[in-house]
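I have a structure here, written as structure tokens, and I will follow up with some questions on it.
Residue numbering begins at 1 within each chain, and the chains themselves are lettered A, B, C and D in the order written.
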Amino acid sequence: MTITPPALSVFETLESEVRSYCRSWPAVFDRAQGSYMYDEDGHTYLDFFAGAGALNYGHNNPVLKRALLDYIERDGVTHGLDMGTTAKRAFLESFQNTILRPRDLPYKVMFPGPTGTNAVEAALKLARKVKGREAIVSFTNAFHGMSLGSLAVTGNSMKRAGAGIPLVHGTPMPFDNYFDGTVQDFLWFERLLEDQGSGLNQPAAVIVETIQGEGGINVARAEWLRALADLCERRDMLLIVDDIQMGCGRTGPFFSFEEAGITPDIVTLSKSISGYGMPMSLTLFKPELDVWEPGEHNGTFRGNNPAFVTATATMDTYWADGQMEKQTLARGEQVEQALRAIVEEHPRLGGTYRGRGLAWGMEFTDKERANKIARRAFDLGLLIETSGPQSEVVKLLPPLTVSPEELDEGLRILARAVRDTV
Amino acid sequence: MTITPPALSVFETLESEVRSYCRSWPAVFDRAQGSYMYDEDGHTYLDFFAGAGALNYGHNNPVLKRALLDYIERDGVTHGLDMGTTAKRAFLESFQNTILRPRDLPYKVMFPGPTGTNAVEAALKLARKVKGREAIVSFTNAFHGMSLGSLAVTGNSMKRAGAGIPLVHGTPMPFDNYFDGTVQDFLWFERLLEDQGSGLNQPAAVIVETIQGEGGINVARAEWLRALADLCERRDMLLIVDDIQMGCGRTGPFFSFEEAGITPDIVTLSKSISGYGMPMSLTLFKPELDVWEPGEHNGTFRGNNPAFVTATATMDTYWADGQMEKQTLARGEQVEQALRAIVEEHPRLGGTYRGRGLAWGMEFTDKERANKIARRAFDLGLLIETSGPQSEVVKLLPPLTVSPEELDEGLRILARAVRDTV
Amino acid sequence: MTITPPALSVFETLESEVRSYCRSWPAVFDRAQGSYMYDEDGHTYLDFFAGAGALNYGHNNPVLKRALLDYIERDGVTHGLDMGTTAKRAFLESFQNTILRPRDLPYKVMFPGPTGTNAVEAALKLARKVKGREAIVSFTNAFHGMSLGSLAVTGNSMKRAGAGIPLVHGTPMPFDNYFDGTVQDFLWFERLLEDQGSGLNQPAAVIVETIQGEGGINVARAEWLRALADLCERRDMLLIVDDIQMGCGRTGPFFSFEEAGITPDIVTLSKSISGYGMPMSLTLFKPELDVWEPGEHNGTFRGNNPAFVTATATMDTYWADGQMEKQTLARGEQVEQALRAIVEEHPRLGGTYRGRGLAWGMEFTDKERANKIARRAFDLGLLIETSGPQSEVVKLLPPLTVSPEELDEGLRILARAVRDTV
Amino acid sequence: MTITPPALSVFETLESEVRSYCRSWPAVFDRAQGSYMYDEDGHTYLDFFAGAGALNYGHNNPVLKRALLDYIERDGVTHGLDMGTTAKRAFLESFQNTILRPRDLPYKVMFPGPTGTNAVEAALKLARKVKGREAIVSFTNAFHGMSLGSLAVTGNSMKRAGAGIPLVHGTPMPFDNYFDGTVQDFLWFERLLEDQGSGLNQPAAVIVETIQGEGGINVARAEWLRALADLCERRDMLLIVDDIQMGCGRTGPFFSFEEAGITPDIVTLSKSISGYGMPMSLTLFKPELDVWEPGEHNGTFRGNNPAFVTATATMDTYWADGQMEKQTLARGEQVEQALRAIVEEHPRLGGTYRGRGLAWGMEFTDKERANKIARRAFDLGLLIETSGPQSEVVKLLPPLTVSPEELDEGLRILARAVRDTV
């Protein structure tokens, strides 16, 4: 594919230097459908980034689109603060019937504002209020958001430096497999908790991702998550699972923690909860934690009703039975095979891969290689991103609705991109 | 109007206790158009709250709706992170040509995430980074948002308590007229700055609303704002105007600070920037402050492209000439006359009123009265809210697109509601 | 007097750049007695600085010296941690009988470590523990010490910068007369407390000096202190009087707050409590505040028993009757007259003076003049220091035991020093 | 020995509940000499606590006493702020000639105030100022003092809770042997430092005790200290050795880190530096770190000249040659043999012991046993304390000047006390 230099001028002259993806992908996108994006020059891109996990059902999914258009056309309430609306009621009922009840999850639902970081801020506030303590434990290479509360439990040092104030009240602990299995799980964490002289402020809560997406597709084992849940219970800490990137079916089941058989005290959801890429987020918690005063946390865009409409449609369409989960796991096997083949094709590159469901990462001895592969993939018409503290991991997040053929196409481009960097 | 008790059950059983507006307005809203909302039982409400200022152009404004439907129907990119898209380019170009250039405003534009608090967090981060200092000065009864950074510069004690950690790095100063004009403006603030022994940490920035919406419709005089801007310049502090609620034409001109003739260093916009009630926000700053590293602040929903589409439509439709500003000021006079009449009708209630453009507040000696009036207005089919630290101020934020007849209707209901509480 | 350059070499080569007084007074002192110090070159200096208030009874006061020598000679316990010792018991009994009981002060006594900042740290800890709040209100130009807790409530910006971390949890309020009487006392403070939207974190306590010694001999009026005590009571804040520099008789009565007729909740004492210049400090508090766990605050040098011995001797010698207080007030009048004469002698210098007991300050229009006067006084054999945020105040703290003749001598040198700077 | 209940009344009625040692040792001490203390009822106690390490040269050491009496008798300056005095010069010269030069240590000397926590506060301030970072790494079970800066890097949870504010800017790391040798040294620490996504704020400095006295006589190996020094150098962190309890010869050499052959960037000394139990402390640092402004850190009792006099005498008497070090190591062997015998005598108690020089700890399976032993030892006339997070370690700190016979006497009492608790 030949790309003519796009007219980025207004982006370059007017938009802040903070912009980032538009630097990796120097195109001006115009339309999108399913697994594909199209730029204004007529180029087509297979999208294996899926809005960083916000587009699990593909771009402009036709079922959701129909529901959305109908709602807008009939002048359904668009902006509802936290008023009761028919769209919100339909969402709550579907969420209860399709998601919570079948999984025996007792959660109350909070609309904390439409972004992931709103959901994390609310979760941290609530945990601190309930326990009357300030300290939160997070994990190495965690990513929870950019507002100050969330940033304080995020690992990335460049992003932390952006705060402009010292980030406090958070202590990092080693994520699963941080020492390649050579150190017993939670050895350090549990010892700090049991030692009255350790200097660790007693945490109100632990916040964890089951798979660290931004951190490099680091996959926590089910037994590690169970041991963490057990530790939290024994040591009187709330367990917060940040399922913003890995929830909504990304790893197979609706919640990424289902496989481990745990019930976190608090759960955050966002990204793909609306399904259509529209801002929406939820903070879920056990009923006994619902100690909020009315209005103690608020926000203008908590009631993004068009997002409720598409969210309801995702549940009715994809989560009424176990089909979606099965399909995701099957697609995941397809990805795994392809990654294995790539790694085996280049024994000298020292490639490794890991993932679950449709979240996968591939890493090479040469940490620079991931960026080269992503850039080459873009030239070949495939959108993939890198993650990890040094951008050393090629990250694959295709839509869950990707067809086997599309998946195959993308994985072949990926294989070629790897080959072209050798 | 007779209201039958609405079926709130799933809201009550499943939604968190933090919910708030749905308690004041026990209805389930279904549709909305222009200045009106409709509940599922067929009741009609004249909306003088306008999404807390997020619906300056009315509910489901037909011009914006058409643009939005077209965009969705043609599968325009919905979710774009911070990628270049045609919708974003059109927005940037319109914003530059319609808003910035005619006002000689030199700002760079940052998409910090789609909510107001995202915009404030980004503004504070940037100010701290530029100045290398942590301290921020805010004002009594300020409201800037619910994430930790914004909450630390917000006044409301109930909301601050929700943080669960001590909120630091912020110092409040008296807003304009805090002492009813008996104390010279900035007497305390300037003295603290000039006294090397005052104990005030040298601030990186001052954050201010030109009219405090949540704080009780407290209106800063133009000369106070000018003196503040001057103080900031003399004392090497950045001036941040949080124009989230009062910008986008609420007070007449597009930016609420235009009347004062000042050019803040940083400006935050949100609420009505998309015009359709869809989440979107901007942080604007002088080019020399654009010291961000690429990706140093990020977020999943920075590129809410449907919001860019409606935002562009608002500018092309309403801001290409000075018509909107004139109309808002005219409507404001209509409100002022009505409030004067209400106050004069009830000399014993000790009523006062204040406002600018279409942001108005009315207060009575009995601080409980405001809530009674709002409740009674709801029964009479008018949605109005209260604000101020004790909810003592009746707050009027009708859509800017309200017709003189609708305005008259609402003001007559208001007058009756006041009468009914006597 | 002609001063030959002293051999400062080891001070210059080995001691840290942080050293300060030795720069103003380039002498090597060897002996001291009563109101005089003697350097190794045989020069004599009349000391009107008195160890920054640590030598209220003069250098090496013979009565205390005798008690100290006896104690050391008979091998009394020197270092006692917080063990019970006969010396400590004697001190406690004298303190109770001579100081507390006659003044109807109900305090418990804590030995928080031997320095003033230890006493302040303990006071702040206790206040925060009792109230369960973090925030402390201090005053402009306050000085409470150099460890992090005390430094956070100290005003001087150079000293604050030394912390290397943002100092938080403290908010400054205007000290008495900060606006030359043009603003009603506590207008700002009380308004912040009563306004639920002010943004002030509810304080656990207020810490105040009755006369700010380091801050420039700023004298709080008795009615201001009474109003402050009243405000603290009404608003549920503890009142901490830091009497480290102004206690032990410096202003006349043993405690500087006696004149105002208030009973602070917590009082800190240090400097002249041992009387001999040996490190010792006390934190006093109302019995109901004594919620400490055993050992919750500790320190190696809490039991400096030789200091207890001299402290006991000061009380038995000077505080068994009202003689000391009367004498200090009389000497104070002598100082006041002299300062008035100096000011009147030089109407063009715009001199002013203020003080109480034997703590006095003199200031001139030209803020540089104070340092010139102090330097010139040193050349003339008088040790005086400057204070205030810009060192603009000549500060007089002669020993309380100074004779009228010595006082006269010093004041004449001062008058000459002023004259010599004109 | 029979003890009659001592008359503790004024301690109980007037002194704060925070008092602690006087509860373990219910006696009123009157005199002390060498290794012995005497209470007012004529009982004699062999003191193996030595002022928590402040009395390395015994109580009222006759050589120091003579120097002290001479100084006081001749009216040497007692209180000198940071003025140059002959006593201070003599101290500085001795310290340079006897301590620093023979060890090739390049340090500048700061007098930060007379207590250990003053020295630590100054060290932390300086490290933060030099590096421009806030974070400090400390170790599990560290003890550095009770003022807020020092407390934030102290491990004990009860003492931390006393702060009344969240203690921040410190992160604990595992001290040597925290996992019984099963985990590679600094595995966690180094990984956090090298991982850009770890979430650890880049530390300005690391603060460490070579042997944790309060933490339970935890002895760091020389190779661990060397590896730590190396880590600090590679990772641009300052190394602060807090030698307050273990310096001044306690472990054999003057500085406890000499054995490891490292040169810390900053060293704190206090406790036994004056030698006579009088408050004094030092902060030492490499000359290139001396970035203090004059007066940026100050304090009333920095110039405790009698302490300088006795400190000078300790150096001239005990440190002019290597005798003291040899003797301490020999005495240490005597202690070690006795502890081994005790442990072997009671195989069922699961006793272990550790130490170096004359700092020793003994621990048993039953964590309560240590307190029983200490209480029984008191009844038998031996003063020993416990340490460790649960007071589970019997701690021995006899004076360095203890004679072999006294040592033997004390160790026999200890053996009997152990026997009596079985």
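Observations on the model:
As a convention for this text, a contact is a pair of C-beta atoms (placed from the backbone, for glycine too) under 8 Å apart; a residue touches a chain by one contact, two chains touch by 3 or more.
As the structure is a prediction and not an experimental result, all values here were calculated from the model.
The interface with the greater count of contacting C-beta pairs, when A-C is set against A-D, is A-D.
Of all residue numbers seen at the subunit C-subunit D contact, over half occur in both copies; the interface is built from largely matching residues. Rounded to whole angstrom, the centroid-to-centroid distance between subunit A and subunit C, based on C-alpha atoms, equals 58 Å. Each chain gets a centre from the mean of its Cα atoms; for subunit C and subunit D, those two points are 30 Å apart.
Centroids of subunit A and subunit D (each the mean of its C-alpha atoms) stand 50 Å apart. Listed for subunit D are residues 134, 158, 165-166, 169, each touching two or more other chains. Those residues of subunit D lying in contact with subunit A across their complex are 134-135, 138-142, 153-158, 160, 166-172, 174, 178-179, 183, 187-188, 191-192, 195-202, 215-216, 388-390.
Listed in rising order, the residues of subunit C touching subunit D in the complex are 6, 8, 10-11, 14-23, 25-33, 37, 40, 51-55, 59-60, 65, 68-69, 72-86, 88-89, 92-93, 95-96, 108-111, 113-118, 121-122, 124-129, 134, 145-150, 152, 158-159, 161-166, 169, 204, 244, 270-271, 276-279, 283, 285, 290-301, 304, 306. Across the interface of their complex, subunit D is touched by residues 165-166 of subunit B.
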